[in-house]
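Two complexes, one shared chain (chain A), two partners (chain B, chain C).
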Partner chain A sequence: MAFVKLNDLEIEVEDGTNVVEAARQHGIEVPHYCYHPGLSRPANCRMCLVEPHEFFPPAGAIVPARQLATGCTTVLRTAPPERKLDGKYDSIVYTDSPRVKKAREDILEFLLVHHPLDCPVCDQAGECDLQDYSYRHGHDKSRYLEVKNVPPKKDLGPDVLLYSTRCVVCTRCIRFAEEVSGTGELGLINRGSHDEIDIPRSHEGVPLQVLDNKLAGNVVDICPVGALISKDFLFKSRPWFMEKADSVCSGCSVGCNITVEYKADGVYRLKPRFHEDINQHWMCDDGRLGYHYVNSDDRLQLPLKRVDDELSPTHWADAIATITEKLSEVEAEDIVVIGSAQGTNEDNYVLQQFAHDVLKTTQLGLFGQSPGEEHKFPQFTIEADKNPNTAGARTILGSANGNVVLEGDALWEKVSNAKVVYLVSGASERTLEDAEKAALESVDFLIVQDVLPSEVTQVADIVLPGTTFAEKDGTFTNSTGWVQRIRKTIDPPGEARIDWEITQQLAKQLGGEMNYHFAGEIALAIAENVPGYADATHQKIGDAGIKLT
Partner chain B sequence: MVEEKRILYEHLDVPDINTFDVFRQYDGYKGFEKAIAEYQPEEIAKMVLDSGLKGRGGAGFSTGEKWSFVPRDIEPRYLCCNADESEPGTFSNRYVLEKNPHLLIEGILICCYAMGIETTYVYIRGEFTLGKKMLDAAIKEAYEQGYLGEDIRGTGLNVNIYTHPGAGAYICGEETGLIESLEGKRGQPRNKPPFPAVEGVFRKPTVVQNVETLCNLPFIVSNGVEWYTQMGPTYADTRFDPPKPDANTGTKLYCISGDVNEPGVYELELGLTCTELIEVAGGLRGEEVKAVIPGGSSAPILTHYELDTRLDFTSLTLAKSMLGSGGIIVMNETRNIVDCLLNIMKFYAHESCGQCTPCRWGTPWVRDIVQRIADGNGRQSTITRPKFGIAENGRWGDTGETEEIYEDLDLLESVANNIANVDTMTWNTICVFGIAVSWPAVSYMRKFRPEFEAAIRESKLVTLPVAEATVPPEENYAYQQRFVPKEFADL
Partner chain C sequence: MSDELIQIETPFAFNEENQREFDKLIGRYPIKEAAMLPTLHLAQRQAGYITPAVMKYVAEQLEVSVMKVKDVVTFYPMFFEEPVGEYVIRVCHTLPCALRDCKEVLDHLKAKLDTDVASETNLAKGTTADGKFTLMKVECLASCDVAPVIMINDDLYKNLTPEKVDEVLNNL
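So, the complex of A and B:
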């Protein structure tokens, strides 16, 4: 640990921490543009200038260093005893001296000379470092009278637009494409004040390569100003109008930490949230843009019942009554209950409890999205398993005595011999293979709980409208054993209900003794009954998640 | 009358000196042969340190000291010869490359021997097509003659030289920008530290030397340290107790251009004054000297009051200017300083690499301000504002006097100082390009302020007589600090 004097604070930081991070840990802001903790440090924005002090032998005193240093590249380390300042400090750094403040002001002035100041129409306004730092550290008026550069707006790829006029050439996006995605589509063209970010183009300006790797959306997040803009979010909402909730991406089994930004009428965007062991600062575009089904107009809003070979809307009471009637008619061994790898641990726990305690069946299955492709990047992996909770669902469904969790061909063979099947899906756009479809069609009475009409709901006898990750609380267990929380953001559409509530309703109708009120309560039951999940209560999981041992 | 003292350029005019045979006739490679025969590598490094040789590229950093920073335990180490001579007003390396390339090879060999280096890159300015052709031919000859390649002259020394042409960027003359460019990247300077001596080409320890510096090595080795230190003044740095010698030894290739009768490269001992130098170059063309740029276009200008400044590293630093690359531009009374500054600022605005914020957007801004003044649009010329101070009633307030301020001049100075502060000698930029911009901008404006004011007042370029255009010495910010340091011998 290095003992550092930071302004008037005496702090201890780990060796190798830079000044920006050390200051951030102690609530001091060192403004910066080009520095990003997940990328290399070119120190080109010159915004994070700080004033280190050093021992100057001729004067025999500790004096401010002649040159200001960039905070991002000034690394704090334990000094050998003879080089301690004042006999005890490993470093003395000031982030608020008059020189530093003056330098910040000057750099901000330079950053703004060519900036169009089009905040009223800029998507970044409200979460823009240029705005924030100008407000806190900048001049109140411009001295620039000359003509501003107006570089063109560019379409870099399927989801990314570049408003070059707003660019501060911090090169975060270029470094991201080189270091994290390893695809290197971006670069600088021209020189000096005509620097522009661009993709490779022919002499006629035809793109030779576009920014369409699966991590491209991250460049929008790391852009400190409004230069890189997501087409998906363009002109949709002002950032300050959106509510935010910490959640976990449901796109694959990596379990990237995300922030869901939403308003009453739907989810607006997903942004990655830092987690050191899972996704660092990033998330993939599949996950980022994969939220649209939540807002879809096709969402199931009412229970559907097959009448005259056609699914028609009905009300909950009728649907529940029909199901309980059917379930009480058949023997336990003719029932198959299939849980979902898209559902939370809580959904699956209630489901297995329903199967085991109420229906007295041990025949459970696991259903989910069909596997996709794995994508590996230098610092990021997108997994092939497109379900967020395969590991958790598998463990929890099989947690009760004698439960068997069937998957794949064994499951479909079982299904084809069953009379009643209760299938919780939640996997939007899941296509069925012929064998799977045949198995489901052969079932006498197929109950499907899903969020969108799909091939699965087409063959159902009754469809119950469930909820997506954005509409419920709960936990997901990722492929590496991290249990993390998702949070309810928006209300489910129409009369759709939270999945475990539907299951519990059915259980109650059939005489089961289940009375959970909220997801956290189920998590407590999980902690008590599922091996390995002893610490997985919502309280202990918190925002950081816990790793199963 | 001062005579030229030709050492590096002694045989420059010999026909066919660029060929190995002729070069040998004129004692070529004798320095190198002496080095490998008589000295250990450490002894050569010691000699260079003792000779007080300062890097001729611009910064004037002691070569021997630079060599001492190179860690000897990391392999490989590289030598990178900076032949990207692109400072306006400088053209001395070009003659070496075009006329006497074997001298450079000899210098490289000595440096490689002293530092245990096997690979040398010569980064040549892209425009020097002839220079590169001649050097390539000389390298080929040296390989054939066994002075390059494996096991040179049976000593077990291996040296390979690769030439690499630049693509025309001024900033690639900055050592780390050069290294980036050499590595095939965008020519943008690196953050320092680490310095190239520790982490240079391909992240390995690298000695970066100017062509002229390397060309000095054979003569130091052949003639000895004592002979070398006799040339040029050695000052006493009295900040230290006891005073430390501050050597400005050897000769310098001064490139004299502008309003002199015989412009060209002159090899002279360090420590001559501006007046003497103009005399050497055939005297002034015109009536009187208005200004002298002492070290390439980025050096602060000297007024006619400062012509007694000695043109060496220490004296010019004390005069708040620099010897830089030794590109001396003389201006007579017909020159308009605003116009000169505009010319220089256009160059720097164009050549800024755009990596860091202050330089990327500050240099064009400075250029635009100067352009506006030169165009006669110096923003409504002057404004008058109340002067605050102790007023008649004895309290702080408007004194009733008015003072004229030239807003654009204040702006020019402020913007230039925000890129790099001339007074404190600090820069907010990554490399010293920042100060290369603000130095001329601020020094021209401060030292020739009447001419700038006149341009704004009269909405056009006005060339004032020399005496009127120059601020008097007592108002000259640099003149105040200027003094001729004591010679070490005097103490």
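So, the complex of A and C:
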């Protein structure tokens, strides 16, 4: 640990911490553009200048006035005993001295030389470092009278636009494409004050390569200004009008930590949230842009019942009554209950409790999205399993005594011999193979719980409208054993209900003793009854998640 | 994306002689990327100017992204992205040459070749109609003691006056 004097604070930081991070840990802001904790440090924006006294002069030496240095590359370390400053400090750094303040002001003035005053029409306004730092550290007016450079607006790829005029050339996006995605589509063209970010193009401007890797959306997040903009979010909303909730991406089994930004009428965007062991600062575009189904107009809003070979809307009381009637008619061994790898641990826990305690069946199955492709990048992996909770659902469905969780061919064979199947899907993009479809069609009475019309709802006898990850609380267990929380953001559409509530309603109708009021309560039951999940209560999981041991 | 990716119809490759030269070059540097500038010069000498096909080829040879090559090509004014004349005339206009009246030399060249001065992004502006000459202004050619100077392709011409320019052009 290095003992450092930071302004008038005396702090202890780990050896190797840079000044920007050390200051951040103690609530002091060192403004910066090019520095990003997930990328290399070129120190080219000069915004994080600080006044360090970090060299260890021999005793009695006359120390000249130090030059300012960039905070991002000034690393704090323990000094040998004879070189302590003032006899005790390993380093002395000022981030608010008059020299530093003046330097910041001047650097900002340079950065703003070619920057347009288009905040009123800029997507980044409200979450823009240039705006914030200008307000906090900048001049109140511009002294630049000359003509500004006006480089063109550019289309970089399927989801990314570049407003070159707003760019401060921090090169975060270039370093991201080189270091994290390893695809290297981005670079600087021209020279000096004419520098522009671009993809490789011919002299006429036709691209040789576009920014279309699956991590491309991250460059929009790391852009400190409004230069790189997501086409998906362009002109959709002002950032300050959106509510934010910490959640977990449901796109694959990595379980990237995300922030869901939403308004009453739907989800507006997903942004990655830092998690050291899972996704670092990043998320993939499949996950980022995969939320649209939540807002879809096609969402199931009412229970559907097959009447004269057609699914027609009905009301909940009728749907529940029809199901309970069918379920009480058949023997336990003729019933198969299938849980979803898209559902939360809580959904699946209530479902297995319903199967085990009420229906007295131990025949359970696991259903989910069809596997996709695995994509490996130098610092990121997108997994092939497109379900957020395969690991959790598998464990929890199989947690009660004697429960068997069938998957793959064994499941479909079981289904083809069953009379009643209760299938919780939530994986509405899942395509069915002929054998799977035939198995489901052979079932006398198929109950499907889903969020959108899908291939499984087509063959169902009754369809119950469930909820997506954005509409419920709960936990997901990712492929590496991290249990993490998702949080309710918007209300479910129409009369759609939270999945475990539907299951509990069915259980109650059949005389089951189940009375959960909220997901946290179920998590307590999971902690008590599922091996390995003893610490997985919502309180203990918190924002950081816990890793199963 | 509205733009389609560019289709490279005739791929570029070094001819035998340049390939030998390139193999020699590569051996001089610790990493392949470091041979960027000489490789680009070699390729430009063969192709006349840096086309997308050349950028792609150089990127493959040096095992870097195409963007890295584009980056370097746009940074240095000695790499051309459009066709240039057979003779590229670079007129120095930095201070010592300016004091020794390089403007007179430049104006004489403009009048004689009946062309404007090329800009970095528009070389056609400074290229003669017959495609023989491209006239451009450059920064210091490092021969201030013999100012004003011009460089035609790889040769330097010193202590110029309009009369000497005529002589130089006639001897080409």
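Just so we're on the same page, the second predicted complex is superposed on the first by the 537 of 549 C-alpha atoms of A that agree within 3 Å, B and C clash if a C-alpha of one lies under 4 Å from a C-alpha of the other, contacts with A are read in each partner's own complex, and residues count from 1 in each chain.
The rule is short, and it goes like this: a residue touches a chain if its C-beta (ideal position, glycine included) is under 8 Å from a C-beta of that chain, and two chains touch if they have at least 3 such contacts.
Values in this document were obtained by computation on a predicted structure and should not be read as measured data.
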Tell me the contact category for A:Ile189 with respect to chain B and chain C: first, second, both or neither. second
Going by the contact rule set out at the top, does A:Pro158 touch chain B (first), chain C (second), both, or neither? second
Identify the partner contact of A:Pro207: answer first if only chain B is touched, second if only chain C is, both if each is, neither if none is. second
Superposition-derived comparison: chain B or chain C, residues of chain A touched: B
With the two complexes superposed on chain A, say which partner A:Ile199 touches: chain B (first), chain C (second), both, or neither. second
Contact-wise, after the overlay, does A:Leu49 reach chain B, chain C, both or neither (first, second, both, neither)? first
On chain A, what residues does chain B touch that chain C touches as well? 188, 190-191
Mind listing the chain A positions that touch chain B in their complex? 42-47, 49, 58, 66-68, 70, 73, 103, 106-107, 109-111, 113-114, 143-147, 168-169, 188, 190-195
Which residues of chain C touch chain A in their complex? 1-6, 51-52, 55-56, 64-71, 74-75, 81-82
In their shared complex, at which residues does chain A touch chain C? 155, 157-158, 178, 183-191, 198-203, 205-210, 212
Within their complex, state which residues of chain B touch chain A. 169, 186, 191, 239-240, 349-358, 360-365, 368-369, 372, 379, 411, 414-415, 418, 424-430
